[in-house]
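So, here come the structures, one by one.
Both of the next two complexes hold subunit A, though its partner changes from subunit B to subunit C.
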Partner chain A sequence: MLLRRIYQFLMIYALGIALLLALKYGLGLSDYVVPGPGEIGRTAAVYAGPYLLAVLNTLAVAILGHLLAIGLATAVAILGRLTAWVGSFIRTAAYNIQAYPIVAVAPIIFILLGDGLASRLLIAAMICYFPLLLSFIGIFSEPVSEIEHFYESTRRTTWRLQIKIRAFENVHKISTVVVGSATMAVVGTIVAEFIAATAGIGYSIRIALYQSDLAKILVALFLIGVVTSLYLVSLEGLGNALQARLRRS
Partner chain B sequence: MNLEVRHLAFRHPNASSDLFSDVSFQLPAAGFHALFGPSGVGKTTLARMLTGDIRNFHGEISRDGSRRVLYTYNLERLPGWSSVRRHIEETAPPARRRQAGELIAEFGIEGCVDARFSRLSMGQQNRANLVRYLLQEFEVLIMDESLANVDELTREKIILKIKALFPERCFLYISHNVAEVARFCGRVLVLRAASKAPQVVCIQGADQAAERPAPPPQLLERAMLEIVHAA
Partner chain C sequence: MSVHPGSNLKHAAAIFLMAGFLFACGTNEKLEEVNYRLKWLYNVSTVGDLYADARGHFERNGLKVHVKPGGPERDALKELELGHAQFGVASADQVFRAVAKGAPIVVLAQLFQVNPLNWIYRPGRTPFSSPDDWKGRTIGVTFGGNDETILRALLARYRIAEAEVDLFSVRYDYTPFYEGRVAFWPIYLNAQAVIIGDKLSRAGESFGFVSPDRLGVKFVANSVVATRQMVERHPETVKRFLAALLQGWREALDPQNEEQAVRLLAQVDRETPEAVVRRQLAVTRELMLPAAGVAFGKIDLDAWRQTAEIMAAQRLIPAGLPVEAMLVTGPKPMP
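Presenting the complex of A and B:
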């Protein structure tokens, strides 16, 4: 799984670089616009170390934001299934709010909270929160009647048991949504850093952009791709291990 | 009388015709009885009315002395996070936990109850589910195809065991097996289409029990013919 994901990323990355170089040599663009392979290699040798630290910094914030979003989405989805109108209200609100691009709301967050960790964390969490919430509301509101019937008719149903049954029956769906939203958390953190922050790989990319240094941006993109792939593979591994454990008798 | 249904009428929302036009019958407080009828005639809907799950009907259902009417069906599942035995023990009232082992052995699932529910065959799943219900507190248990996918000999053994262990309780067995309901059930309620009157015909079954000699073949044949004719 890890190798497959890394191969996929390397293939896409290599295709992108090949396309850029084809443009460079096809249109006769200068090294200032698109650096040559030697320049990219030299930049990688100098900046790979600091950029890797920046990517890990971004990843740490993304993981925290992701966990925050998962916790919040779980809590709100559990509340949302209590009564029909509360669930309906939360679902409608979530659909409407997610229609706003978080990037457009981000300046308000930076004005209120400044450009520190809190803003990055909040934006990362918000970007992956709504897809998680909508999926969790769907999962926790849908009765598994062939299992729940017994507990209802013998008056043993509690909200904890209901959530346990529904989560257990949808563990594959939950795992897929969590892995899918992880990418969004990383993207959200980078976007937050790019808009206004003083740390992380998004901040490094913004500096490279001001310097018009495409080589640095390409090195940053390579590291983001590799580290994000590793994170996703870890999450998929955790999800698979959990499902395998649940299936074992 | 324990369960009495008087002039029940019901139409599903958005349906063009009545499912029940005038259903009336009585069931004694104890015994093993059957609800028989062709597919789609409303057996499950009637069962849901008896348990109180469906309430928007006309007529009256009197559950004199039957505070707890349970309904179980053959597609039910046990949660998959622990073994079948553990689920059965956890859901059995403390006073009945000792009986769990006896039922598990008598129902022929001793060899598989330590596995999770999804690992069991369909017949084993239905038996495990039925054991779980039999251990609960109830006055009436409606068994909707609860012994589906179970071989004939085991079904016979299970029904006789239920009748021997719970003589004071009322069972309503929903099945499409004419021979089985004619042989083991005390009363067979044959539910028919709403266009027929009466919509429920009550036929006396042979009511075979472990402690009594097998009913004569003529009696069984007559009961079977009456059921088929009524349906």
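Presenting the complex of A and C:
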């Protein structure tokens, strides 16, 4: 799975670079507009190391934000399933807050929390929190009648049991949502860094854009792609292992 | 004779289309269309560009110029090379970076004779008489921006090691400066400085500006650029464009035309009050107008050379770029 994911990413990246180079040589553009292979290579030789550290920094924040969002979404979704009104209220609030563009909200967060780790973490969590919440509310509010009916008729049902049944029956759906939102956490962290942080690959991309240096951006995109693929594969692996274990028990 | 039921309608439509075509040809046959990409959004630093357009100077020179605002995501130099624009505005650091990578860019005129980038500070809290006063202070800088290059040039010129100052990464939010966490904050003298200065005055605080130009660092700002092909293949268009543009700038900065210039800016930049624009215009005048008897738009060759040296010293561009070759330093059209 890992090899296939990396291989697919490399194909997409190579295709993108090939299109850019075709444009460059087709239109006779300078290295300033589209860098040539030599320029990209030279930039990679100098910046791949520091950029890799920056991407890992970003990934660390994204993972923390992602975990925070999963925990919070689970807790709120469990509360939201208690009554139809609370569930509907949380859903409406989630849809509304999700509609605000993060680029408009982020500066307020940075003014309140400064441009350190807390802001990056909060924005990463915010970006992936609402999709997780909406999915979790859907999953935890939907009774699995054929199983829950037995416990209800024998008066042995508890809220914990209810959650366990619904989570177990939808484990594949949960796994897919968690993996899907991981990409959003990475994107959220990069956006936060781009807007106001002083660390991470988003910050490096911002500086490269100031300098109109597309070669640096291409190197950054390559590293983001590789590292994100590795993270997603790890999550998928964890999800599969969890499902296999649940099936065995 | 049989008449098709829809034929009258078709004839009418054909005549209408033909009339429209002829009208379009008639109105545009003498005007050559060009795109002009500015460096930043419409503000006081673009007043002459807007003035030349609004007062019909381009049209009188046979041009229909689409004056397009710039911005952080726009790069006039890339648009020139891609053919999306024929003229643009860029700062010297952008021009050098592009030329160093083979972009066929030439400079037609220099708009700012003095770079508007300064550092604002509060003398009551952090007095400043020379760059030595920076030692131990926190200085705001946009990493990757031209203020970083200018600051590093100043530090090198006054032999201040980077370890002796604390550099703070700035964004659009001035809170760290207001709170006093950052003592010196980069600011454009003819734009934000007027607004921030007002805020500080209202709070009863005095303020001053550190001018890199006065400290001996001449780093060229906004200049009018085109591609070398444009200059070689369409010299007449370039000549007419430059004549109209510089006339627009001269008139916009003439105190006698202040009312028109302010009203024009108020139309495109509704968020800045007219009183503020008026004061911004006065500062812009000081930064842009060359010495008496010198044509507006004069290219300051020494300043361009110094800018190249600063960038080469910081390894932002290779040393030995042919500076003169990228500057069109011939006489500028006079009024």
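Everything that follows uses one rule, which is that the second predicted complex is superposed on the first by the 248 of 249 C-alpha atoms of A that agree within 3 Å, B and C clash if a C-alpha of one lies under 4 Å from a C-alpha of the other, contacts with A are read in each partner's own complex, and residues count from 1 in each chain.
The definition used in the following text is that a residue touches a chain if its C-beta (ideal position, glycine included) is under 8 Å from a C-beta of that chain, and two chains touch if they have at least 3 such contacts.
These figures come from a predicted structure and were not determined experimentally.
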- Message: Counting residues of subunit A touched by each partner, does subunit B or subunit C come out ahead?
- Response: C
- Query: Can A:Pro107 be said to touch subunit B (first), subunit C (second), both, or neither?
  - Reply: second
- Query: A:Leu246 contacts which: subunit B (first), subunit C (second), both, neither?
  - Reply: first
- Task: Look at A:Trp85 in the shared chain and tell me whether it touches subunit B only, subunit C only, both, or neither; answer first, second, both or neither.
- Result: neither
- Message: Output check: A:Asp31 vs subunit B and subunit C. Expected answer is one of first, second, both, neither. What do you get?
- Response: second
- Task: Check the residue A:Thr154 against both partner chains and state whether it touches subunit B (first), subunit C (second), both, or neither.
- Result: first
- Check: subunit A residues flagged as touching subunit B and also subunit C none
- Note which residues of subunit A are touching subunit C in the complex, please. 27, 29-33, 35, 39, 107, 110-111, 115, 195-196, 198, 206-213
- Provide the residue numbers of subunit A that touch subunit B in the complex, in ascending order. 146-147, 149-150, 153-154, 156, 164-165, 168-169, 246-247, 249
- Task: Enumerate the contact residues on subunit C facing subunit A in the complex.
- Result: 72, 75, 77-78, 81-82, 94, 97-98, 100-104, 142-145, 169, 171-173, 175, 316
- Task: Spell out the part of subunit B that touches subunit A in their complex, as residue ranges.
- Result: 51, 70-73, 75-81, 83, 91, 114-116, 118-119, 129, 132-133, 136
